[in-house]
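Going in written order, the chains are labelled A, B, C, D, E and F, and every chain counts its residues from 1.
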Amino acid sequence: MFYHDNDLQYPVEVEEPDPRFAKMLQEAIGGVEGEMRVCLQYLFQSWGVPDEHEEYRKLLLETATEEIGHIEMLATAVTKNLEGAPTQLKDEMTEDPVINATMSGMMPRQYLSSGLKAMPVDANGNPFNASYVVASGNLAADMYANVMAESTGRLLATRLYEMTDDPGMKDMLAYLIARDTMHQNQFLKAVQSLGDPDDPHDHLPIPDSFPDAKELEEYNYSFLSTMREKADYEAPWTEGMSVDGEGEFSLLHELDLEGGERSVPKANPETHNEVKEKGED
Amino acid sequence: MFYHDNDLQYPVEVEEPDPRFAKMLQEAIGGVEGEMRVCLQYLFQSWGVPDEHEEYRKLLLETATEEIGHIEMLATAVTKNLEGAPTQLKDEMTEDPVINATMSGMMPRQYLSSGLKAMPVDANGNPFNASYVVASGNLAADMYANVMAESTGRLLATRLYEMTDDPGMKDMLAYLIARDTMHQNQFLKAVQSLGDPDDPHDHLPIPDSFPDAKELEEYNYSFLSTMREKADYEAPWTEGMSVDGEGEFSLLHELDLEGGERSVPKANPETHNEVKEKGED
Amino acid sequence: MFYHDNDLQYPVEVEEPDPRFAKMLQEAIGGVEGEMRVCLQYLFQSWGVPDEHEEYRKLLLETATEEIGHIEMLATAVTKNLEGAPTQLKDEMTEDPVINATMSGMMPRQYLSSGLKAMPVDANGNPFNASYVVASGNLAADMYANVMAESTGRLLATRLYEMTDDPGMKDMLAYLIARDTMHQNQFLKAVQSLGDPDDPHDHLPIPDSFPDAKELEEYNYSFLSTMREKADYEAPWTEGMSVDGEGEFSLLHELDLEGGERSVPKANPETHNEVKEKGED
Amino acid sequence: MFYHDNDLQYPVEVEEPDPRFAKMLQEAIGGVEGEMRVCLQYLFQSWGVPDEHEEYRKLLLETATEEIGHIEMLATAVTKNLEGAPTQLKDEMTEDPVINATMSGMMPRQYLSSGLKAMPVDANGNPFNASYVVASGNLAADMYANVMAESTGRLLATRLYEMTDDPGMKDMLAYLIARDTMHQNQFLKAVQSLGDPDDPHDHLPIPDSFPDAKELEEYNYSFLSTMREKADYEAPWTEGMSVDGEGEFSLLHELDLEGGERSVPKANPETHNEVKEKGED
Amino acid sequence: MFYHDNDLQYPVEVEEPDPRFAKMLQEAIGGVEGEMRVCLQYLFQSWGVPDEHEEYRKLLLETATEEIGHIEMLATAVTKNLEGAPTQLKDEMTEDPVINATMSGMMPRQYLSSGLKAMPVDANGNPFNASYVVASGNLAADMYANVMAESTGRLLATRLYEMTDDPGMKDMLAYLIARDTMHQNQFLKAVQSLGDPDDPHDHLPIPDSFPDAKELEEYNYSFLSTMREKADYEAPWTEGMSVDGEGEFSLLHELDLEGGERSVPKANPETHNEVKEKGED
Amino acid sequence: MFYHDNDLQYPVEVEEPDPRFAKMLQEAIGGVEGEMRVCLQYLFQSWGVPDEHEEYRKLLLETATEEIGHIEMLATAVTKNLEGAPTQLKDEMTEDPVINATMSGMMPRQYLSSGLKAMPVDANGNPFNASYVVASGNLAADMYANVMAESTGRLLATRLYEMTDDPGMKDMLAYLIARDTMHQNQFLKAVQSLGDPDDPHDHLPIPDSFPDAKELEEYNYSFLSTMREKADYEAPWTEGMSVDGEGEFSLLHELDLEGGERSVPKANPETHNEVKEKGED
């Protein structure tokens, strides 16, 4: 179960409120790269880890709980950037180009729906949608999902950092960027710690529990070129040892595949797929 | 631009059609772990790679084109599993428990909307939704997104493999599993090939172009424990060298953070956030 | 503005309630082929028709209002099919295969969320979503959107008709099928009535107000073959007069296109698309 | 910021796992009536309450944190109900009607996507979607949103309670039902405590800060009958004092409204709304 | 069934079209606080009310029909605000800051998809989505859902009112605000009229048909404090009689809960949740 | 299966990048009128056409493959329009009204999520959503769906054409407009070629395989007027031969319908639809 106190994890100050930056910050709350996604992702992953892997369950729950506090910081940052935001499209306003551009660049629902507060939406205004929360039940797959989420999350935070020159916002983002550095590292460490501790790739290919013998071995280490015209070439993924250490990369051309025949059966007449009634002229 | 021929990339045969398996296969088409996602993800990533990284652009376009053929194979598999599917809820049917359970376990829209064909939806029946297509503009982030997509994709394919005993379906899935093995390997190889070729983690933390000096160094290699009661412990992510080779892991307690003050300004009266009209009793 | 009375447009009777058919009927309410879509589509189209085309505004508003009554009929049909539906997964139930299959085949939210009533969702359980409501502002485009909506709507109704042997449901569906026959005809008639009354295709290509001279005439009547290997062939769309009467069909091969060069510029460094920091080793 | 410990808020035991009940429980996690919605709703509301109303901010944050623990309990309940769930559609299985109906009634993605774990989706399989999280900035509106959420939430919990006879599940649901009783009461109390403490409706109409004089007083306490044929009748909302104590209910007929003229201007020719090119025949 | 005439319910005039206000008005059409939601909500609620509660069925159908006319008014208002809207991003335009800001602040799809007409979307541009339509089957829950919808709806209308100084728009909004005042009052009156007419809270807790004896009485009137550190305090919801008149509020600390043990079983090996194949080294 | 080469189908040049036009172009990629929709629609339709209609399968696959190349062209156009786009909201910037309006008019996620690249979203920023992909299994219905998609697609392209004065963009759009002309014509030709080649409407009503005798003939060619007050009038759809050649149009008034009785049964007490517990006072 969960507890709270009344502080933010790290200070959130805004020197000069900027309503357009309030819109941009929404991506870090409700976007696919944002904190709601990682928070829910780590919670659901954690709740599913079986007792025997308790170390990973703990790892996930610790960080999930940290992320709730990040959403809180960002929600505070949005509200502070909306302080004093214009809320009128009235005639006299069209004369001030700054107010004008601000009104044009604000997120409409940050005024209309939330009364100048943060919302669970992204910077384009789309509501957060749990279809991008990944909790597959397989720890190795989940750890890569987490590395990926923290990579796009940190990338987003650096882009927001470049966008503003408000010292408070830069400081808050520097904190979040630092946390994402750690989170990338911890989840990469976690994936490396699965399986043989001396082999950082012992978890590959994911899931490694599927018997090798059941794969079609002709196809599992060949890079498939789909060029219309066959041309051989070399790249790190067409030759040499595979990363999982279980095969040798090669180059295969789609043109050389034997392929399969396309055949589609006619459906049941009750589908009314046919254009004409049977027996009708 | 793109071309096609009239063959499937690999044979798709179904010995005993199973309408419920036709529903399950939808996850591999329109699910977050499915082929539409990877196909579109690699296409959009590829189209955004600048000329100077052409090798990666090519890598992505080659595999994106392969994936269109995988959607095609799976769509064919769905249609073949729906051959002869029951389409009636009539009285006499309630007596045959097999047909009964089949009708209950089919996806309604595979009959009602597509006339016993594949659809761009997942196994729960949700339409494919591009919010989970990741193309961030940063190659390292994108490669991890691809490793993650191929990991959950291969995991899904192994689960489908366990679910059926149709030899044709097992053979098709063995092919797709093999391709996912390769794709995991090729994208891991690609991410390792970014930056210093002798350092497989030289691309970390992502994005590595953000100046180290601007991060808050107090926080970027410490694992944050959010336990209500402070307890020290050891794990691979609380001590030792970080994976990016740039720091030393440590353990930090949220309880020891200095934190920031929570403060929320009152919004503009035009928001009508207030309960009572000013001056009204 | 709108009015109502207390009758249904046509009787809705259910002899033997079938909770699984209650699920299937949802497609006709909230599906892309359903009545909510056409109702809203005709309303929004109607509200946008300018005064000078009042005849079409009227056409649309008349039928939109009719469609509200169809949703009402279908909602009644769902509720009646859910009368007496099982709501328990208790132990003793697993012994009756009919109840068992019924519970498995019901839509969970028809019990959990609506208390055995109709919902604004489709048969897969997805909420109605206005992204498929088309009201383009161009009457010809809108009329084709309506013909298409009525075609898939009638197709759906015939599939539902085949699925049941309840006489009440068959009667209600026969009514709805008849109305869709009319609606297809009326919107086709409407599109033919645009432009020259003697030329049923005078509205083509849509929008016909775009000056012919600005199109690239080399490409506007040639069927493009995208086969990997060039092969000439004949079909109704590779030769003869075009349907709009303004060109002659021909066959063109993608292989013979001159094409354009692919080139992608490098993005601003502030995007942090690059893997490494400038000047860092 | 937030903390956690390693216990559940209340015990979650399952005597006889039932994979179909695992599907039903998803509604209480990711449904519009579920715990993710209330949790996020109270968090976002809380984070937006200005300092001067700190008592309400606290109320919301206390309960939001409680709700995270409810999601955790339900996720545990789902996993426990999926223990031993069938994962095969193989031939020999069609002979056991119980397994058969179970496979038909399970949620496909609970196996395929999460490996027999809880997901952030509802019982129809739709991903949680923050569009139903309400945080309007106005405390009175938000409190009603909360009462409503707790009402549909408790209704859902009672329906789940009726559906099962597993003693562990009944006990867990009895706890959640009790909490919803409290939450309904606390939010009703909170809305009554806004404004004059002696007048439980002093916050009405919401928002009460909009000046009465600006409303059209002819219309603000009359019930509008939209019957096609005028018929007078009496109901609690057609006569007597209004609930907000500011008006007298009356009955008005749409037929008696003066109404407004419908008029739609022609759009800019650049919209190509017109069927024919100007000047073309 | 339904009927229409050719008038608007109330006049809709726009003196100075403002394309940015046309965007804002979309929230009142397709937003969660908008008219499409209430219209569909009351329709679906009404269609599900059993014969014995006909008075409420009528209440809902009367107002649902009124709401269709409100969507119509707003759609007209959008079209009128888009009259003369700029549709070009051409070079010469960048010199006029007003046109410039207008183009930036318009909703792209109001030009591109609808040809300068209203759309079934909200002010952020998200399509209307029926997941927020609530029709629970329980009249008391539904009436609170309606009060809540009318509260956020009226709040939205007052915010739109403040945003504009066009006299026509202010007049139309004053009408809609007045109607929302009535609708709040009528649904509150309706909920009070359920159960004992002398006890306005006799319907509580919702659903009141669940036997009190089955709730866990230890938890149903205690406010749960989730503070990390225990601190007693007083608030209207921690002491005194509960609103439903059935209990006494008290304060309980999460820290004092006995809690339950977290335990997660290992899943079936066919899920491939495990990292390594059994027996593999 | 599919192949690619390294050219674009047609040149894509941008003389003066315009970040706001980059936003508008997204509609042609991920919008309901865009290329992702038609591409996936033709692919899924093609994959479902049975062997006996191979000519249509080929038609669809040829054009589907063409459309992938159109998405590619548009993605390139977006990236080129984003070259040099501003990415800062810093103080000094507020002084340049052009940069200011540009920042306000850009799509936030084109910078934040994709690093100045194209995304699979529409111009309002909504992710592409396969719910508008139509593949019904019935060729006639599908061909109308395609005509409609190409009509709204060409309409969109002409609106984009009017919006820009960049010669490269105008040239690219002229190409796409020409292709849409062809696609409208080819799908209309295809629908006319179904059934009797001498009767262009022999496929009507769709599906024509439903036996005429089962329709309610009283209702299938009468236009239903839903006016509150009965008024006869003439229109092309109230008299004369129907388009399918199978009936005679007439005018019918909803007022004259016999209608059906509305009746809603009470639901199972386990739904807790009732306000009060049985036997409780």
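Here is the rule we use: a residue touches a chain if its C-beta (ideal position, glycine included) is under 8 Å from a C-beta of that chain, and two chains touch if they have at least 3 such contacts.
All values reported here derive from a predicted model rather than from experimental measurement.
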{"item": "Farthest-lying chain, centroid of Cα atoms versus that of chain D", "value": "F"}
{"item": "Length of the line joining the C-alpha centres of chain A and chain F, rounded to whole Å", "value": "28"}
{"item": "Approximate Å spacing (C-alpha centroids) for the pair chain D, chain E", "value": "9"}
{"item": "Where chain A and chain C are represented by their mean Cα positions, the distance between them in whole Å", "value": "32"}
{"item": "Chain F: positions in contact with at least two other chains", "value": "1-5, 7-9, 32-33, 47-48, 61-62, 65-66, 69, 76, 79, 87-88, 97, 101, 104-105, 111, 113, 115-117, 121, 124-127, 129, 131, 136-138, 140, 152, 155, 158-159, 162-163, 207, 210, 226-228, 254, 257, 259, 263-265, 267, 270-273"}
{"item": "Chain contact topology (line, ring, star, complete or other)", "value": "complete"}
{"item": "Chain C residues within the chain A interface of the complex", "value": "155, 158-159, 162-163, 228, 270-272"}
{"item": "Interfacial residue positions of chain E with respect to chain C in the complex", "value": "1-5, 7-9, 30, 36, 40, 43-44, 47-48, 61-62, 65-66, 68-69, 71-72, 75-76, 79, 113-121, 127-131, 133, 135-138"}
{"item": "Complex contacts: residues of chain F adjacent to chain C", "value": "3, 5-12, 32-33, 55, 58-59, 61-63, 65-66, 69, 73, 76, 79-80, 82-85, 87-88, 111, 115-117, 126, 129, 131-132, 134, 136, 138, 140-141, 144-145, 147-148, 151-152, 154-155, 158, 161, 171, 174-175, 177-182, 184-186, 188-190, 192-193, 201, 204-207, 210, 214-228, 235-237, 242-244, 247, 249, 254, 257, 259-265, 267-268, 270-273"}
{"item": "Sites on chain B touched by chain C in the complex", "value": "1-5, 47-52, 57, 87-91, 94, 97, 100-101, 103-105, 107-109, 111-113, 115, 121, 124-127, 137-140, 194-195, 202-203, 207-212"}
{"item": "Chain F - residues contacting chain E, complex", "value": "16, 18, 20-21, 23-24, 27, 31-33, 97-98, 101-102, 104-105, 122-126, 152, 155-156, 159-160, 162-165, 226-229, 254-255, 257, 259, 263-267, 269, 271-278, 280"}
